[in-house]
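Data first, discussion second: the structure below is written as structure tokens.
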Amino acid sequence: MTPSTTPKASLLLSAKNLTCIRQDRLLFDALSFDVFAGDIIQVEGPNGSGKTSLLRILTGLSQPYEGQVLFQSTATHNKENLQAITRYREEYQQNLLYFGHLSGIKGEMTVEENLSFNIALHGDNTDGQAQALTNVNLMGFEDNLASNLSAGQHRRTALARLYQSNAPIWILDEPFTAIDKQGVSDLEALFLAHAQRGGCIILTTHQDLSALANTQLKKITLDYSNDIAFD
Amino acid sequence: MWKWLHPYANPEVSYHLTNKLLPWFSYLAAIFLSIGLVWALLFAPADYQQGDSFRIFYVHVPAASLSMGIYVSMAIAAFSSLVWQVRLADASAAAMAPVGAAFTAIALITGSAWGKPMWGTWWIWDARLTSELILLFLYLGVIALHSAFEDKNLAGKAAGILTLVGVINIPIIKYSVEWWNTLHQGSTVSKLGKPSMSLDMLWPFIFCFIGFSLLVGVIICLRFRNEILARNSIRPWVRELVEQKTQ
Amino acid sequence: MTLATSTPNNKDNNLLPMSKQLSYRRAFSLVLKRDLTIALRHRDDIINPLLFFVIVITLFPLGIGPEANTLSRIAPGIIWVAALLATLLSLDRLFKADFTDGSLEQMLLSPHPIFILVLAKITAHWLITGLPLILMAPLLAVLLHLDENSYGALIITLFLGTPVLSLLGAIGVALTVGIKKGGVLLSLLVLPLYIPVLIFATSAIDTAALGLPYSGQLAIIAALFFGSLTLAPFAVGAALKVSTN
């Protein structure tokens, strides 16, 4: 993909020469790209091509075989603004929201308890929580135990956190799984709003992002390169 | 990190280094062990109290101290892997663990075989034997954890953390077991005091000790080489190597 | 869908990299409260290790014979070994559920230092398993004819020792949480580390039975407690990072 060339957009995240090997298979090699404020980036590729691996490397949960991920650090003690995420883990994670395959919702807790824990855990403000529940259409379910919800409601409970998040970098792995049409278009609108106020989104999905297609949607395609030797 | 160590973080360089070291280790180990063992078992004088059963000492003591030494080296390797991200350190720790476990087992078996004529029983809860047994458990834990992970890289990291936790605990365990031992059976057992060795016993012992250490070096080199190859199987230099061998 | 607005709720229109106001104490109590809530809604998890503790202890008189002298001689060892095993049985719960539903990786990605979150989880674990164990112990000591002088020592050693069991055990669980059949492996990893606590705790109880001062042993257990309190959370954090990789 080509990096955005708009002069005022600031660089948020930068991947340098990422190489990933899983089970002796090379998933991607020397992958570099920059992510600017306002970008929405879709990571594409067939199953097993390393989409989730790439996202997890970007969050810092996994380490790449080679290469590193840099982010825009605001800490005044650094002259260089771009810093490795592994070096300033806590600062990076203040700026990061990751939504994975597993929703992290506890069946033993109510919808409201789950949401307020998730928001507070990431240091965001719990004040607008009721509004967030309305946004994901779960108003009226707030006192239900999460174990009694449907799969879609389960996902919505987890997604409600997006509405409260102040983190500029969103990394979302299949956010639309089990979400209905209306929900998908609501989320797309939310993504646009997030990008417009200076955030960035890196996501994987098998949906066509119809609402986003004519905006600044960018794509990273991971090829299926099987068992290739390299040095 | 130290500049001179850096080239050895490259797998290919260390592979060739082990190749160069291996014959030296092997020949020296063979020489030292054959001299040491023949001297110790045939020519060294028998102990005036314990008779010939004392000769097991020439195997038991090197095995016991090497079992400790290997664990400490594993911990150093684990530390450099976790702190300085030296990737090969993982491989060397993985190469060492089974060797250490084997030497611990040898120390235990020879210890209890020595105990039979001394104490009239195969096993006694002697402080040193007990700590050696616990050390064996620690080794087996590291090996089991290492083999439980499918990803070699993660296996190395997890086993490294466990090794470091273990190395902090070993002195505590050793101290507490010794303390427990004096508390419970201090007077009933005549412990094996350190025999004041005469020179004609000391020299064969030194030869045996060096010989066994070199043997450990040989086995670890062999295993380390295998670990490097297994971890780098997709690298071109490994493939070339395989092609050369098969032709 | 009704009034759903699709804009973010916060009024802030400019998102820039920033520093959030975070407090260690709030993060600690947040996780502690959550873990306790979940445990209290899942009472089996609290009761089963306790039942195990009681049953193991009742088996010993049946296996050895009801003679009061023998039983009171081995009571400290039995109670402590049963406590070790009961803790081991309950350890799995510490991270397993959070690992499988993804909340563990969310915690690792939160802006809080990992050791605070880990410490909160271990504290919750001790409150749920260690504390009830201490409350049950005097009752079981009666069944085993423990010397009357030793009751104080039993309670104090359990108070100082069971947190050590939770802390050291957490390292083992953190290492094995990603492994499918980690249960047996866990005991191999953790039980050798429990040996010093076992030795000094039972010896303190024995010494107390003789009417002698046992503060030396207590001091050592306290040292083990503070040592593991400071070091274990970091080992757990490192291990969790490996396990969630």
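Going by the order they are written in, the chains are A, B and C; count residues from 1 in each one.
The rule is short, and it goes like this: a contact is a pair of C-beta atoms (placed from the backbone, for glycine too) under 8 Å apart; a residue touches a chain by one contact, two chains touch by 3 or more.
Chain by chain, the UniProt names read as follows: B = Heme exporter protein C; C = Heme exporter protein B.
Model, not experiment: these values are computed from the prediction.
Counting C-beta pairs in contact across A-B and across A-C gives the higher total for A-C. When every chain is represented by the mean of its C-alpha atoms, the one lying closest to the mean of all protein C-alpha atoms is C.
The centroid of the Cα atoms in subunit B (Heme exporter protein C) and the matching centroid in subunit C (Heme exporter protein B) are 33 Å apart. Between subunit A and subunit B (Heme exporter protein C), the centres computed from C-alpha atoms are 47 Å apart.
For this pair, subunit A with subunit C (Heme exporter protein B), the centres built from the Cα atoms lie 34 Å apart. Residues of subunit C (Heme exporter protein B) in contact with two or more other chains: 245.
Counting only residues that touch two or more partner chains, subunit B (Heme exporter protein C) has 151. Listed for subunit A are no residues, as none touches two or more other chains.
Of all residues in subunit B (Heme exporter protein C), only 82, 134, 137-138, 140-141, 144-145, 148-149, 151, 154, 157-158, 161-162, 164-166, 168-169, 172-173, 175-177, 179-180, 183 touch subunit C (Heme exporter protein B) in the complex they form. On subunit A, the positions that touch subunit C (Heme exporter protein B) within their shared complex are 12, 37, 59-63, 71-74, 90-91, 93-96, 98, 100-109, 113, 117-118, 120-125, 128, 131-132, 134-137, 162-168, 182-183, 186-187, 189-190, 193-194, 197-199. By the touch rule above, subunit C (Heme exporter protein B) contacts subunit B (Heme exporter protein C) in their complex via residues 171, 175-176, 178-179, 181-182, 185, 188-189, 191-193, 195-196, 199-200, 203, 220, 224, 231, 235, 238-239, 242-243, 245.
Interface residues of subunit C (Heme exporter protein B) facing subunit A in the complex, by the touch rule stated above, are 1-10, 12-22, 26-27, 30-31, 34, 37-38, 41-42, 97, 100-103, 105-113, 244-245. Per the touch definition, subunit A reaches subunit B (Heme exporter protein C) in the complex via residues 21-24, 26, 227, 229-231.
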